[in-house]
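Listed below are the structures to be examined.
After this come two complexes, each holding subunit A, first together with subunit B and then together with subunit C.
Take a look at the complex of A and B:
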């Protein structure tokens, strides 16, 4: 599963159950985010024991984007069978600020920084 | 006992008993009726009670059922409430996350729009905004506002010697140093290139100057190395000005600070100059840095393709330097305000003449004006002649005795300027332009001595399409101070009065011959030729000077500042 555009790429690596978000996600509103939502839903439906969300190469994310990720975390939490790891980068300023809130949505979520 | 023997008494008694029996019988019948009635009633009551009881029992069951179902739905509702509460919390967190995220991104983007990425200082856009704001505040509160313009000395050389990355590092370190050494209310901006601007609210000229000096000394102490290589001592030049002393608007004060910076540069760099030491009535300066920017447009306009394929582009540029002769004499009769108005008015008049001849107004400082001509040297000469005619016409309106006629001294120099493409940027070497301007300024001083209005350097002379189109003659060969080279200077006298122009033209050959003989020390032969020139044009000041020097046997005519 992969969505690739000029300035961003979202893909799912099944063997490692890792979702990669890369580049700059600045789509306008939930309508434009729909294909990404679908990809995330698919992953959640498969219910792997651990999902890793790798954001280390995601330079920019707008507000609709952070809402989308938040909703995905809730969806995973509600499954109750999936553990979740989010990987962020120390070099991307917004990540330090925004990703820690994901743990409030899912206290068992593990945040890893590199 | 026989029954006939019954006494009355006994009979009465019997009768009485009989009566009693009858009574009892009646009473019994009544009682039976009563009993029957009561029983029947009780039966009815009992059956009614029974019915009632049954109904109550039914009701109790119904109530119990209702309560059970109520309790069931209560539990259901509580569960729903719990889910809704959870979702509400989730949504609140999402909202909070999104808002915090948006705020953060917004702040980040805002920073990007007001900060210079390379140095972290505020950018020029922010400078302009805050300057307007601060000037307004200073004006309302009747406070001072200091401005420092700062430039890193020999920055280009630095880049050439150590590479651009080292240059970037120096710029960054100096920026950081300055940021650490200012007051909290000061605003430091990157004006462009290696030039920084400091806005100091509530700071007088003294405070601003002191801070500038402190920064200059501090920067000198910086020990910078790049990749293990010591980068040497770094010096900066600073110009300071103050509101309201040196201008009523932000632009005016900045221009004054910029003129002061230019002064610091021309006085040898590594120093602080104050706008207070600028010549009186320095009007409406056009900043020096605009010259390369505008020139760049000229270069790019014509040779964008060349720039892409070639690393450098070379172009001839002529500098016209004009100065009002004996301005101090003129200005002493006017108030500073009138002085300012006069110069401004004059420059406004002559500006169109320069522009019409494809000139680019570069700067005025004091009573001098500099224009650049990137088209041809001929344009510069034509502009100069047109200017002189214009001044002559203007003098016709100054016939009243208290209004002295105005004369302008003009010199033109031509130089080839190299535009280098470096690291994606195209840069013009500023020093090449300053050198060209300086030579023109030096030559210009000779005008007063020879009483000529227009002199050009040999570089301009040989750049002319056809020098014979103009009335020209060789006038001197001089060593310009600081420069070792000897520069030949030509006079252009197209704008002289017709009879003088004719006489000078007629004697030009003799004059030039005389000059050459004089230069090789043949004073007596030279004197004869100059005498001939003076017989044709007695007012020819240059011929007078040369003749006088020949007669006295002095081998230089040149005033002290040229040697």
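Take a look at the complex of A and C:
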């Protein structure tokens, strides 16, 4: 599964159960995030034991995008069968500020920095 | 009529160093103009780094530059997205965004028209925001959103992240500048401490 546009790329690597979000995700909410929501829903439905969300190349994310990722984390938490790892980058300041909130939504979530 | 909410400096006068962008109302639909928000925010953030020079002798200066750039880009983009979403497209008044660099903070000011249909909801939201602990409100809003199918993008999360993640101060001024037809202009002020 892959969604690729000029500014961003979201894809799922099934063998490693890793979702990669890359580039700049600043869509206008409304319907624009729908294909990504569908991809995320698909992954959650497959219920792999661990899902890794790799954000290390995600330079920008607007608040609608934060909302999208938060909703996904809550969805995964509600399944109760999936562990989750979120990989962030030390070099992208917004991640340092905002990703810790995901742990408040899902305390067992593991945040890894590289 | 003028109404003020939150941390708003009413008699604010711009310092020497400021940058102002104006966007005139246009016939190009919002969706096609959307990418301009990010482009403008990045430009403003990049422009501002000139005033925070990096020094090879002190690597922390580059880190600081990077942090300020990222924060300005995030906040300016959110403010522009809101202004574009809320402004009344039938009105001739432009949307403006201004960055003002002060000794201890950066002040963001956006102005846009707002239709009288949505202004009451917006004020109610601002009052809820002012009365809440931003950290709690952040989590509550996200949990609430996960329960009901709220369309992403109408979350009001932008302001909460500015308060909670960036420790910014937020204020609003509503001015009725014309009656019949009624024209309301909202000025949003965000203060980011340095």
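The working rule: the second predicted complex is superposed on the first by the 113 of 114 C-alpha atoms of A that agree within 3 Å, B and C clash if a C-alpha of one lies under 4 Å from a C-alpha of the other, contacts with A are read in each partner's own complex, and residues count from 1 in each chain.
Please note the rule applied: contacts are C-beta pairs under 8 Å (C-beta built on N, C-alpha and C of every residue); 3 or more make two chains touch, one makes a residue touch a chain.
Small disclaimer: the values here were computed from a predicted structure and weren't measured.
*Asks:* Superposed on subunit A, are subunit B and subunit C clashing or fitting side by side?
*Replies:* clash
*Asks:* In the superposed arrangement, which partner chain does A:37 touch: subunit B (first), subunit C (second), both, or neither?
*Replies:* In the superposition, A:37 touches subunit C alone.
*Asks:* Which partner, once the models are overlaid, touches more of subunit A's residues, subunit C or subunit B?
*Replies:* The partner making contact with more of subunit A's residues is C.
*Asks:* Is A:22 contacted by the first partner subunit B, the second partner subunit C, both or neither?
*Replies:* It touches nothing on subunit B or subunit C.
*Asks:* Of the partners subunit B and subunit C, which touch A:105 in the superposed model: first, second, both, neither?
*Replies:* After superposition on chain A, A:105 lies in contact with both partners, subunit B and subunit C.
*Asks:* Can A:74 be said to touch subunit B (first), subunit C (second), both, or neither?
*Replies:* In the superposed model, A:74 contacts both subunit B and subunit C.
*Asks:* Mind working out whether A:63 is in touch with subunit B, subunit C, both or neither, as first, second, both or neither?
*Replies:* In the superposition, A:63 touches subunit B and subunit C alike.
*Asks:* Could you tell me if A:92 is touching subunit B, subunit C, both of them or neither one (first, second, both, neither)?
*Replies:* The second partner, subunit C, only.
*Asks:* Have a look at where A:83 lands relative to subunit B and subunit C in the superposition and call it first, second, both or neither.
*Replies:* So A:83 meets neither subunit B nor subunit C here.
*Asks:* Out of 80-88, 116-124 or 134-142, where does subunit C collide with subunit B after the chain A superposition?
*Replies:* Only one listed stretch clashes with subunit B, namely 134-142.
*Asks:* State which residues of subunit A lie in both footprints, the one left by subunit B and the one left by subunit C.
*Replies:* On subunit A, the overlap between the subunit B and subunit C contacts is residues 60, 62-64, 66-67, 70-71, 74, 93-94, 97-98, 101, 104-105.
*Asks:* Using the touch rule from the top, collect the residues of subunit A that touch subunit B in their complex.
*Replies:* Touch residues, subunit A against subunit B: 60-64, 66-67, 70-71, 74, 93-94, 97-98, 101-102, 104-105.
*Asks:* Show me the residue ranges of subunit C that touch subunit A in the complex, using the header's touch definition.
*Replies:* The touching residues are 30-31, 34-35, 37-38, 66-67, 69-71, 73-74, 77-78, 81, 138-139, 142-143, 145-146, 151-155, 157-158, 161, 164-166.
*Asks:* Give the list of subunit B residues in touch with subunit A in this complex.
*Replies:* Touching subunit A: residues 90, 93-94, 96-102, 104-105, 108 of subunit B.
*Asks:* In the complex formed with subunit C, which residues of subunit A make contact?
*Replies:* On the subunit A side, the touching residues are 7, 24, 26-30, 33, 37, 60, 62-64, 66-68, 70-71, 74-75, 78, 91-94, 97-98, 101, 104-105.
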